[in-house]
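When the chains are written out, they are named A, B, C, D, E, F, G and H in that same order, and each has its own residue count from 1.
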Amino acid sequence: MSTPIVSIIMGSTSDLPVMSQAAEFLDNLSIPYEITVVSAHRTPDRMFTFAKEAEGRGIKVIIAGAGGAAHLPGMVASLTSLPVIGVPIKSSNSIDGWDSVLSILQMPNGIPVATVALNAAKNAGMLATEILAISDQEIKSKYKAVREKQTQKVLTQVETLKNQKEI
Amino acid sequence: MSTPIVSIIMGSTSDLPVMSQAAEFLDNLSIPYEITVVSAHRTPDRMFTFAKEAEGRGIKVIIAGAGGAAHLPGMVASLTSLPVIGVPIKSSNSIDGWDSVLSILQMPNGIPVATVALNAAKNAGMLATEILAISDQEIKSKYKAVREKQTQKVLTQVETLKNQKEI
Amino acid sequence: MSTPIVSIIMGSTSDLPVMSQAAEFLDNLSIPYEITVVSAHRTPDRMFTFAKEAEGRGIKVIIAGAGGAAHLPGMVASLTSLPVIGVPIKSSNSIDGWDSVLSILQMPNGIPVATVALNAAKNAGMLATEILAISDQEIKSKYKAVREKQTQKVLTQVETLKNQKEI
Amino acid sequence: MSTPIVSIIMGSTSDLPVMSQAAEFLDNLSIPYEITVVSAHRTPDRMFTFAKEAEGRGIKVIIAGAGGAAHLPGMVASLTSLPVIGVPIKSSNSIDGWDSVLSILQMPNGIPVATVALNAAKNAGMLATEILAISDQEIKSKYKAVREKQTQKVLTQVETLKNQKEI
Amino acid sequence: MSTPIVSIIMGSTSDLPVMSQAAEFLDNLSIPYEITVVSAHRTPDRMFTFAKEAEGRGIKVIIAGAGGAAHLPGMVASLTSLPVIGVPIKSSNSIDGWDSVLSILQMPNGIPVATVALNAAKNAGMLATEILAISDQEIKSKYKAVREKQTQKVLTQVETLKNQKEI
Amino acid sequence: MSTPIVSIIMGSTSDLPVMSQAAEFLDNLSIPYEITVVSAHRTPDRMFTFAKEAEGRGIKVIIAGAGGAAHLPGMVASLTSLPVIGVPIKSSNSIDGWDSVLSILQMPNGIPVATVALNAAKNAGMLATEILAISDQEIKSKYKAVREKQTQKVLTQVETLKNQKEI
Amino acid sequence: MSTPIVSIIMGSTSDLPVMSQAAEFLDNLSIPYEITVVSAHRTPDRMFTFAKEAEGRGIKVIIAGAGGAAHLPGMVASLTSLPVIGVPIKSSNSIDGWDSVLSILQMPNGIPVATVALNAAKNAGMLATEILAISDQEIKSKYKAVREKQTQKVLTQVETLKNQKEI
Amino acid sequence: MSTPIVSIIMGSTSDLPVMSQAAEFLDNLSIPYEITVVSAHRTPDRMFTFAKEAEGRGIKVIIAGAGGAAHLPGMVASLTSLPVIGVPIKSSNSIDGWDSVLSILQMPNGIPVATVALNAAKNAGMLATEILAISDQEIKSKYKAVREKQTQKVLTQVETLKNQKEI
């Protein structure tokens, strides 16, 4: 595989079912990525090193998912000037996801995090793609095709529902 | 001014005090932008035309701010493949900002919006800059300088507080 | 079937189990309706055409259901002068339905949406009926009969409970 | 004045500043209306009589505003088959308006209330107009003109903002 | 059975599993009660008659349970001068019980409702007992015995836990 | 003054502006009461003694107001078999009153507290009156007169509003 | 076993599955503790005695868990000058845990409670250990080892995930 | 001043009015402390150094205050084995303080933070004192005196209120 340009990180392997949806999206578009575990709270040193070295390793966009008091996206954002996309995860013992959402979204002015919806790792993959597409026509074309395809999928639903009612 | 590459839009001129903070940030970095009013609800045709033509006009990132049942960022995102940054605005009659936050953040998989904190238009400007900086070394350098400067500002606070206590 | 006068639309076929309750109610009163999928985010062009042409096609009331950052009811309302009834749907990954409720209910002054309770598609069908009944005595009579019938159903519960206790 | 066809009711004269916005909108379109105080809790008998007699008096749409544990819209809806539009009001001692919103919106299936946004009495007036316009071409024309006018108002904002920036 | 002095009412038989806990408590203390269905929304006339006649029939305390936009306790309170105890019920489609709680609790000054916790019908039965006990020494004695018994039950838990640890 | 039969307690004198509304209501009906400060957290011993001795001193109903993590009503209820009415108070640093409401309302089964709306001390006074009126015809008559008077006050508002519109 | 220095208390044995996680953590570090049931509401006298005598019996830290209107941690804190750690528990009929969290966390100034996350009894055990470790080098060493071990556990996850991807 | 044993840190000097209440409390008990600005987001390196060196410098307890997406307390806790007390601060643009509360409180198991109420820096100072008092009899005595004094203050309020009523 080529050198990764997107890095997908998460606080724990228990977040993998959600976060792998970002990986899957990038895979489909042949965008090289890496996926690993970086815990803000249990491996702060690893997080520091990861965040400070990401740009130097050729990473262009970071996708970070976390649940509960989710500090990973914001802390990584504070240690790099790369765009960081935050994915709030509704973990067990989360208070309905509100804790994850607010602790990722409500960053103070000075350190931005691009937050997507609760558990919306697929959208994080899509947003990373949109960002890369600004300066990469090939990715842009592939992305437009994906978007067109999902439009067609809805139009097919329209036809199916129509036919069901007519029978 | 050169052709804008960032477009800052908002639902109403009443959102200008918040949204002009994004403009100000881009101004300081000499990133060309445009700022205008596009109402999803009161000028839907204008929104459609705007969103469909933005990429063709050379826009690379869109920043959209709205309050209440805030549909502007998500609808613009559905009509373009450019990255769209959403700024939830706490307008009068908003229910403490929750309506703006949730109607921008909770986009379904398929159409991503990069949401920043409530009223955090400055962070929207910074995020747009980070996105552009991926493929523009000059912007990257300027952005890193800004980030370094705000770190220094905190360190100055540290010294000031120390001196106050010693006196 | 006669030309539909109520149009029931939803963002995805996954909303069908909820939204078909509106259809069922109209069916029982022999009010002609159509039911289809219109996604604000994945088929914005279809939504524009749908909303602008609805009145011309003879539609008198639109019922629109959507979940999460639910933009369909409000956007359709912005493109037509027909009354639009919004049904917030508690979809998976919704934050307990709050996102759907607030992004449909909290429309700014200028573009009204008649919002009903979470998942209350039956009430949407009833509200559409009440609106049509203003100028249609036959519908009015049928509707009053339905309302009377549900009152009787409660009174039967009263008797059943009384008897259970006496035995 | 002609016989009213819209009835605007509210729980207390303290709700008048909000609810008079509905009256004002109807006034501008020369739609005959009445406006009065009906308290579900302090004048339940009056509410019963009002709700049961409204249709007979020629009323076609009822707009009911209330704050806190707001029972007026739902109770009136239970006593009439006319469409009832509910306006949640953020009164003093309300818990940020949540109580008003939920106690009006969350009606059980069987008795619909068309709920608008917190304090959005103007939208209630507009929704009543849309409902009447279904069977009244004159009202329809006037309403479309109002909607067109508010679109133009935004387009004027667009121009003003453009000129400010150019100077 | 003797003439009931407590009346337990609920909006629907679906509330019976919760509300029968109040009945069971009163049963254990041999306090005569009635239990029936009164729907504020589907049988408003029955509710009016019920509430106005309750005192005359010898009822001393009313316990009213309802879910969603729960208007039953507050409306009954507006029609009687008897103390009304409200039990918020977490029904299906309720927004986590918040709607029931707020639409019962947040009554305006002038019409009090004694609200207990979500689904806490047993506590409603206990509160009714406390109220009756003010002027009935026999009920007071029985109630004190119940309270003492539940204290003993905890003390037994203490012993059991102690023994488990020692083994 | 005669021996008090209602005891109004609060966590701090800062709650006096709210809680004195309960006192005022009782004063108007010549119901003897006492009003004092009992802090669950800062004077737990006083609270224990107060709660255990209240019944012996002739108190029949206790009204307890508190803000934030409001433990006073529930703890007093655990120490007496008298009915306890809880008044949630929106103190400074309260999270919009939610903390006071939930920590008073959500008592476990076994120890009931009759909770009224946020800051609704007047309703607490009215509820205490309703409870006493069960076994005191004089109080009952006075209370019915108060209720009738507030109904008349609304009807006067109705007339005033009517006249304003006619002029 | 040696004399306990940590006391783990809970409102009911139904809280044992959560609270035993605190016990387990202390067990692993051989810190002597006791675990028992103390109900603020059903055994207030026991709670008073417990809280007042804890320090005299050699207890140094108290961990108190409770759900719903959770008064146990705050009331114990008001009766002792030992540090009290509060564990909010998401019990059945809790409103999503918000009631437990707010009634433990929002203590007024003057009586502190050290609150941990919803159901986070393990963290309560760890916090008690950190507090004891200030003046006990042996506990400090053991605690640092535990913390190091959990860091290693994450690093193992990192390796496992890497290997899975490479195969 | 002697070597500090408590370290009070905050994200910005704008948090000083709240956080100085902790300092003031420690001052009154002559407990040596330091107070400074450490921003998790704008000075992450300083935060790392601070947290890792605190124990070595003789610090025994850390009090950390922050608003919005408040990562400072949790991140410091992840970098030290000292007890960390978190103070959620209701900053401007905070969503009513919920963001600060949840992002400090909802720490995952493994890294505890002792959270106090919103803006309750005084309680943070008191909790730090309780922790130190475990192994310092002098601090314990002083702390008990403070607690006794605040009890007396309430009892004085009791007397004052009694006298006001008697006059």
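Heads up, the rule we're going with is that a residue touches a chain if its C-beta (ideal position, glycine included) is under 8 Å from a C-beta of that chain, and two chains touch if they have at least 3 such contacts.
Small disclaimer: the values here were computed from a predicted structure and weren't measured.
A.B. asks: By that same contact rule, can you tell me which chains touch chain D and chain H alike?
C.D. replies: Expected: B, F.
A.B. asks: Given that chain D and chain F are copies and touch, would you call their interface same or different according to whether over half of its residue numbers are shared?
C.D. replies: Answer different: the two copies use largely distinct residue numbers here.
A.B. asks: Compare the contact pairs of A-H with those of each option in B-C, D-F or E-F, and report the one where over half match by residue number.
C.D. replies: It is B-C that reproduces the contact pattern of A-H.
A.B. asks: More C-beta contacts across E-F or across B-D?
C.D. replies: If we tally the C-beta pairs in contact for E-F and B-D, the bigger total goes to E-F.
A.B. asks: Need the CA-centroid distance for the pair chain C / chain D, whole Å please.
C.D. replies: Each chain reduced to its C-alpha mean, chain C and chain D end up 19 Å apart.
A.B. asks: Using mean CA coordinates as chain centres, what's the gap between chain F and chain H in Å?
C.D. replies: That gives a centre separation of 35 Å.
A.B. asks: So the centre of each chain is just the mean of its C-alpha atoms; given that, what is the distance between chain A and chain E in Å?
C.D. replies: 49
A.B. asks: Quick one: which residues in chain E touch 2 or more of the other chains?
C.D. replies: 42, 68-69, 95-96, 98, 101, 105-108, 110-111, 117-118, 120, 150
A.B. asks: Once the touch criterion is applied, which pairs of chains come out as touching?
C.D. replies: So the chains that touch one another pair up as A-B, A-C, A-G, A-H, B-C, B-D, B-H, C-D, C-E, D-E, D-F, E-F, E-G, F-G, F-H, G-H.
A.B. asks: For chain G, which residues are in contact with chain F within the complex?
C.D. replies: These residues of chain G touch chain F: 11, 40-42, 44, 48, 67-71, 74-75, 77-79, 91, 94-95, 98-99, 102-108, 110-111.
A.B. asks: Which positions of chain F touch chain D when the two form their complex?
C.D. replies: 90, 96-98, 101, 117-120, 150-151, 153-155, 157-158, 160-162, 165
A.B. asks: Which positions of chain H touch chain G when the two form their complex?
C.D. replies: So the residues of chain H touching chain G come out as 21, 60-61, 81-83, 85, 101, 105-118, 120, 122-124, 126-127, 130-135, 140, 143-144, 147, 150.
A.B. asks: Going by the contact rule set out above, which residues of chain G touch chain E in the complex?
C.D. replies: Listed in rising order, the residues are 12-13, 16, 35-39, 42-43, 46, 68-69, 93, 95-96.
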